[in-house]
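Just below is one structure, and these are the notes that go with it.
Think of it as A, B, C, D, E, F, G and H in the order they're written, each chain with its own count starting at 1.
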Amino acid sequence: MVKNELRQLLEDVKNNRVEISDALNKLKHLPYEDLGFAVVDHHRALRKGFPEVIFCQGKTVEQVAQIFNKLCQGTRSILGTRASREAYGAVKEIYPDAEYHELAGTIVVRRGEEPPQKGNILIMSAGTADLPVAEEAFVTAEIMGNHVKSCYDVGVAGIHRLLDKLELIRWAHVIIVVAGMEGALASVVGGLADQPIVAVPTSVGYGASFNGLSALLCMLNSCASGVSVVNIDNGFGAAAMANAITRLLERTEA
Amino acid sequence: MVKNELRQLLEDVKNNRVEISDALNKLKHLPYEDLGFAVVDHHRALRKGFPEVIFCQGKTVEQVAQIFNKLCQGTRSILGTRASREAYGAVKEIYPDAEYHELAGTIVVRRGEEPPQKGNILIMSAGTADLPVAEEAFVTAEIMGNHVKSCYDVGVAGIHRLLDKLELIRWAHVIIVVAGMEGALASVVGGLADQPIVAVPTSVGYGASFNGLSALLCMLNSCASGVSVVNIDNGFGAAAMANAITRLLERTEA
Amino acid sequence: MVKNELRQLLEDVKNNRVEISDALNKLKHLPYEDLGFAVVDHHRALRKGFPEVIFCQGKTVEQVAQIFNKLCQGTRSILGTRASREAYGAVKEIYPDAEYHELAGTIVVRRGEEPPQKGNILIMSAGTADLPVAEEAFVTAEIMGNHVKSCYDVGVAGIHRLLDKLELIRWAHVIIVVAGMEGALASVVGGLADQPIVAVPTSVGYGASFNGLSALLCMLNSCASGVSVVNIDNGFGAAAMANAITRLLERTEA
Amino acid sequence: MVKNELRQLLEDVKNNRVEISDALNKLKHLPYEDLGFAVVDHHRALRKGFPEVIFCQGKTVEQVAQIFNKLCQGTRSILGTRASREAYGAVKEIYPDAEYHELAGTIVVRRGEEPPQKGNILIMSAGTADLPVAEEAFVTAEIMGNHVKSCYDVGVAGIHRLLDKLELIRWAHVIIVVAGMEGALASVVGGLADQPIVAVPTSVGYGASFNGLSALLCMLNSCASGVSVVNIDNGFGAAAMANAITRLLERTEA
Amino acid sequence: MVKNELRQLLEDVKNNRVEISDALNKLKHLPYEDLGFAVVDHHRALRKGFPEVIFCQGKTVEQVAQIFNKLCQGTRSILGTRASREAYGAVKEIYPDAEYHELAGTIVVRRGEEPPQKGNILIMSAGTADLPVAEEAFVTAEIMGNHVKSCYDVGVAGIHRLLDKLELIRWAHVIIVVAGMEGALASVVGGLADQPIVAVPTSVGYGASFNGLSALLCMLNSCASGVSVVNIDNGFGAAAMANAITRLLERTEA
Amino acid sequence: MVKNELRQLLEDVKNNRVEISDALNKLKHLPYEDLGFAVVDHHRALRKGFPEVIFCQGKTVEQVAQIFNKLCQGTRSILGTRASREAYGAVKEIYPDAEYHELAGTIVVRRGEEPPQKGNILIMSAGTADLPVAEEAFVTAEIMGNHVKSCYDVGVAGIHRLLDKLELIRWAHVIIVVAGMEGALASVVGGLADQPIVAVPTSVGYGASFNGLSALLCMLNSCASGVSVVNIDNGFGAAAMANAITRLLERTEA
Amino acid sequence: MVKNELRQLLEDVKNNRVEISDALNKLKHLPYEDLGFAVVDHHRALRKGFPEVIFCQGKTVEQVAQIFNKLCQGTRSILGTRASREAYGAVKEIYPDAEYHELAGTIVVRRGEEPPQKGNILIMSAGTADLPVAEEAFVTAEIMGNHVKSCYDVGVAGIHRLLDKLELIRWAHVIIVVAGMEGALASVVGGLADQPIVAVPTSVGYGASFNGLSALLCMLNSCASGVSVVNIDNGFGAAAMANAITRLLERTEA
Amino acid sequence: MVKNELRQLLEDVKNNRVEISDALNKLKHLPYEDLGFAVVDHHRALRKGFPEVIFCQGKTVEQVAQIFNKLCQGTRSILGTRASREAYGAVKEIYPDAEYHELAGTIVVRRGEEPPQKGNILIMSAGTADLPVAEEAFVTAEIMGNHVKSCYDVGVAGIHRLLDKLELIRWAHVIIVVAGMEGALASVVGGLADQPIVAVPTSVGYGASFNGLSALLCMLNSCASGVSVVNIDNGFGAAAMANAITRLLERTEA
């Protein structure tokens, strides 16, 4: 419709129905999005192959269901993060094919064709308590169109368990390292791998872990190169960063 | 040479010069790196196209010169970061072709053939005071073998200056965003770009910037996706992360 | 009554019923408020057009009802903040015309004549999770006698949504910016607008948002000029500051 | 020139030299600033009556002089903050009429006609050690076109000194309160005045003042309404906020 | 009994029943408390006129009742702090004359003769939300044998309310100031009074009050002299400090 | 079995069934643990005499029971920490001889022969509120094979109670000091004892104890030598450190 | 003079030269201090026996000299704290009898008659590095008119050194405890003494002492009763608090 | 001499020169140390084999020399830590055989016979910048009578370098791990070794290492068991703790 307005204006200029000076003035005051910005933004969203994302935490079951409902007619997949089983129950009534991943706390509704498998993302975690964050990253990375593998419970206090995973490490294009407590896993993996590493500190731990501050600082100070960090417990954010990286592979192939 | 030792051992077994039980014992106690690990590590270093890196801060001019001297016979390029002009003077006596980048505080000695230009890295900074960190990232990314461009002084308080750079943003494979104070630039760029963004908080600011804590927290809490963060003032680390990403492009091309 | 006491004293002096030295002594020990201070203070309250304000959080339903009851005979409006629906139920039995704003958590009892519409206050928020704080500011600013408009969900990661609001921004005398997580919205709006901006950090976010510390530091370090900050989640305080500003408009008109 | 390009395009449309669909395409990709945004921004700067501002701290004398030199041809006044006497010496060679305020650490070069006196700004400070910050605010507020008065050394430990200043308080449109240590002055003044108060915490103090954190938290938690806060030691920022408020008075008068 | 043992030893030495060298050895290994230390300590407790004190928070109703029961035979009064009404119910079954102060959360069992009224302690608080802490201080100071008066809700934002209390301030030997949020009351009272002031920061407030940190820092940085601080919310501790001071009055009278 | 594989390989080389180059290749890619590392690790676990340890906090009763069940066939003892009585109920159905220590929150299942009594560990605590942490340390140290004694409630404010314990202090090989609030006990004990001291800060306290930060900093800054610190509330960790020390005694005896 | 004005007013009323209503009005607007407040304040200063106090830190030698000079005609003693030897040199030219205490960093000029010796203040410190703070307290307490004794280097790691000082402890009316690092001395002395204790944390220490934060938190969390705290390194403040306490002794004697 | 006094007293009792009641009294008031406490303490010092230790930082060259001089007649060795080369120069004039360790910043004066070699202490460090702290620990551990070995620069980013040191790790009785930045080395070594590990965080790093806080938190949250922590940069403290452990070996051998 913006296009139509613009076209009309140009035609009016062409047919002398509008003075050039008036047309100039109108153009100057058109809202910015009318000039294609939103379109660009839309393209960007599509190009990213990004699902619609709903952060469910802090919302009532009704609110979650309502938002899912609004997106019902869409052709993009939908990802609900930090969702309770109850929320899932309500969503399932709208989308009977909705999937729930208990550990990850995610609801997934798949729509449209499968996104192309862009890259290989490996998700490593230090302890079993880190699994919810790691699984959130897993589900997110997968629905964004990546091959995803995981290897959990490879904390640095048992370094040999980690050394057994070299093959898996070599397979990955990007590695997401999820760790709480001292968060040292990011540095050790960073020393073994030459791929980009996205580190996710978790709030796992007690006492002086200060809800993830300990792991966060540790990862920011990593002595290994090629490591960067997202927010505490932000499994989704890590997967989004990893996906931004694997999207480059697509681009170079095209 | 490890290979030779191993081969010799196997040949000795074959020729009955060594008992199998003795060979078993020897194998069990071979240092780990003798079994190819170091080789892998070596390969990794080479594959990375990484220069030798020397962190000069906190070292005397003599110490810096001495370390550069030790590396003198190598065929890899050398990068000295956080180096003073005095340190450069001393290095220049050893390597007359050493280059100094005043703002970045880097010394560069180029050796070997030029690394292949792996990818396009754009470095954006919010204010002129962030330039030393941004330039450190620039020099590092460039010597690691990337096309690097920069656009500085595009802070969010003058959003139109940023909107003029959309073309440049589209050019990049990875964007490094350097910002102190409130560090909001990372979020805004993250909203405009779909490439991976490596955010570097700087200690620029005063009062409640608390030496970069303000920008660090801001960037970790970015509402844009595809943003990850390195340590405060760590221009080198951001470039290393960005380079880890562009290296993937090479890999897919091969 | 103070006046009467004073008048009596002066008359006693005049009629020689009190020695001047005794009168002097009495004057010196009169409580300070008796000398007009309280009156000034009273005038100030009236001039402000301020409602009675009750902070309901941490009070039982009974306590809230009891305080509302005590104010029953007044002619000033009453504003209860951070009030639950239960508290509202109890208040409604006393004031059947009490209004409840669920999202804002406010109870409003309107009394006296409508205050004059002093100025235009625009309330912007970055995300939907910031709405309770934004709406508290909205209700407060409105009952204090301002034209209030809001535009929500204009976070910096989608900068074009913000650019569409320039008209609205121009309309405002004061802008209240409500944002959690990285709180960057204050800086961006500060760059677009030349009106005073009152920034409210919210505790929205997780991990390294540290209950609003992240947004607070970000806003304090804003690179835009004309931005000042109130306490985390303090929607009421922001509206009170904005109202103190628009009150100036009244003053200049008079 | 943008205007010329646009006019040319429209004329080409009119004269059938360009197809409407091509014109549409061109319009969609015009850089945003070309459509008047920068102009708006320029107008905004002028309307603000803002001087050019140079933050001198951390810059060499040469750099400061160079920046002043670049602005030499301008007709706007120039304000240099956090400037040393040495920097002033260098600036004076370029602008012989440059003024230096030792305590405030400011260099002022006045150009153009005097800005209209917009409003009355009162600057209060708790102790003599807060004077540099208070004076920076003073000079800034004055050069932006305000009547400015100050009353210093009215800390809350001697409350009667403050009570003597009620007349001055009534005079002001906006009050800037500068205080370090416990920063309590903002609350006390906030209780006496009904004008908007911009509080500036200073890093004055020792031990548990933690470089201004103490005063900052105190001011953010003020129990008085109509108080908002800027960054620690940010005298300039407080004046800019105050000026954004007094600018409203102009607007209503027009 | 210790005395008896010692006397026996000395008599044995005197009567040659024990060798001096053996006696020496015995003396060297006598536990320290046997030599009067515990006695001194006991005397100290008595001299303090201190009640038995039980911190009830975090203990079950049964545990509280059990501890009160153990003290049942004593002749000293008992003070339970941070006690719930349920705990009081259980204690009342043991001591039918136990008193409960709802607001203060204290249980008091009076035993022995009334302690002499040592001194005058005034308890001031800034807001009504500070009352639980203020009342804990009140009950504690009273049972330790002091005249106690209170004046609440004299926050600094309404300074005239405070100025009305000068008479009360003059009455006190020690003043306990209880305040949350910005905690400025301690400084203002410190400027009006020349008696020692014990400041108690409370966790009252939200956002950047950080559970009392704001008030704590404010009070530690008080610009008034004669102010010292106890732990956040520690009404009991403030009263104990105040009592230690008024005890001096007794001592000088004796 | 690894040994067998290796032996087979060597025999194949010897018998020309495998080419040396193929053997070399195989050796290079053998997982690291196959070369004895895991064995070493296994030995280490056994030598430590360590029980299996399950951190029960944050796990459901079902999950705890399930993990205990998996370990059912083992011959090592099992220690569950931070376990609720409910979790114990479920475990008891699997292991009817499981023991529960209410205060310590531990479940113990004893298997295999009693470990040798390695050393004497004394556990001291400052207050009764520290008991859960102290008892966790007690149970852990005991099941790891140590003589354990405790002396509780010897806080520094009653120094004579501590001086009575010199005999006990002399008995110990290692002393675990558990203290919250100001954590000063570690320093005082450190001054009396010449054995290694493992200090455990607890989150006991309120206000400015900041959940154990106060005790943690105090212990790290101890002016006594021979003191080191574990995480806040980490009774298990302290016992594990103490046990690592007493294990040395075994080693020297062997 | 105020008195005179008032007397004149009353006489005018008496003599019908002023209407009662006009007199009423005048009284209401008299500045507060005119009604004796300042006098009270003056009396308070005198009654306190307080010297004039100058905080020299951060002032130039010239500024210090200038301030001392302004006070030259006074009859009260002068105390300069945190003064360098250079500042002392300049002061000595004005007051040849000025005394300098190197360790304390204080300049003392004695004027008027010796203040009465109000009470006994004992200053204890944990280590020799705490001496500057302890000596500042010593000089301050002494010039304010107290008997002062000190006992230094009685840190808790050598508890017997402290136990030897019981006699000295009994002598004191108030005890100032100065300690850095873990600050445990306050608690231990608090357990031995029943006098009020003013604790001064110092910034002595390194690493996790965080410039005195460690000692500050420790002292605030003291398990001993009768302990309160002043700002880090604030020897002056501690003495002022102690003096406020001993002043009570005077009052009761009068 | 104490003994003599006591003996005299007992003899006086025996010879009826002193009444038993008087003797009782005297005994009760004897300073505590007179009863053997100091002797015990003295024994403790000797038994520890501890050198005299002088913390030189913050002391002038003269002060250091003076303290060394005072200890001149002693037969115990002397250790000066954090000493400059200048301080060493002054000490050397008193003790010509004094040794200086530049990197460690230690001065050592050996006296008495060599202490017995108690145990094997291994000192590991992550980076070369950690060497000053590591070497301080080395010199301290050695002069206290231990076999000490070091292996530096084994950071976790190059894990194979660490795996080569397994032999060395097995040799040690205690391992001191020195690391800054992310401090992960302690966890990794803790996973490889079953000996007690004393972790020393260092202030090495920049930005979000926050002067060692990052490494400190990381080490406190170590997921490996048998790890405890000393203060940031406290190489001396780590060695003292390690020595307290190895002293146990002596004790068991005796």
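Here is the rule we go by: contacts are C-beta pairs under 8 Å (C-beta built on N, C-alpha and C of every residue); 3 or more make two chains touch, one makes a residue touch a chain.
For each chain, UniProt lists the protein as follows: A, B, C, D, E, F, G, H = PurE domain-containing protein.
Please read all numbers here as calculations on a predicted model, not as lab measurements.
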| item | value |
| --- | --- |
| Third chains touching both chain F and chain C | A, B, E, G |
| Chain pair among D-G, E-G or B-D whose interface repeats that of C-D, sharing over half of the contact pairs by residue number | E-G |
| Longest centre-to-centre distance from chain E, chain (CA-based) | B |
| Chain D onto chain G, rotation angle from CA fit, given as a multiple of 5 degrees | 90 |
| Averaged-CA centre spacing for the pair chain E and chain D, given as whole angstrom | 51 |
| Where chain E and chain H are represented by their mean Cα positions, the distance between them in whole Å | 40 |
| Where chain A and chain B are represented by their mean Cα positions, the distance between them in whole Å | 25 |
| Residues of chain H touching at least two other chains | 32, 37, 158, 163, 207-209, 213, 216, 220-221, 225, 231-232 |
| Each pair of chains that touches, named by its two labels | A-B, A-C, A-D, A-F, A-H, B-C, B-D, B-F, B-H, C-D, C-E, C-G, D-E, D-G, E-F, E-G, E-H, F-G, F-H, G-H |
| Residue ranges of chain G in contact with chain F within the complex | 126-127, 155-159, 163, 181-184, 187-188, 190-192, 205, 207-210, 213-215, 217-225 |
| Of all residues in chain H, those that touch chain F in their complex | 44, 47-48, 50, 119, 166, 173-174, 194-198, 216, 220-221, 225-232, 236-238, 240-241, 243-245, 247-249, 251-253 |
| Touch list for chain A against partner chain F, complex | 129, 158, 160, 163-164, 206-209 |
| Chain E residues within the chain F interface of the complex | 31-33, 37-38, 41, 57-58, 201, 203, 211-213, 216, 231-234 |
| Chain D-touching residues of chain A, taken from the complex the two chains share | 3, 6-7, 10-11, 13-14, 16, 20, 23-24, 27-30, 32, 35-37, 39 |
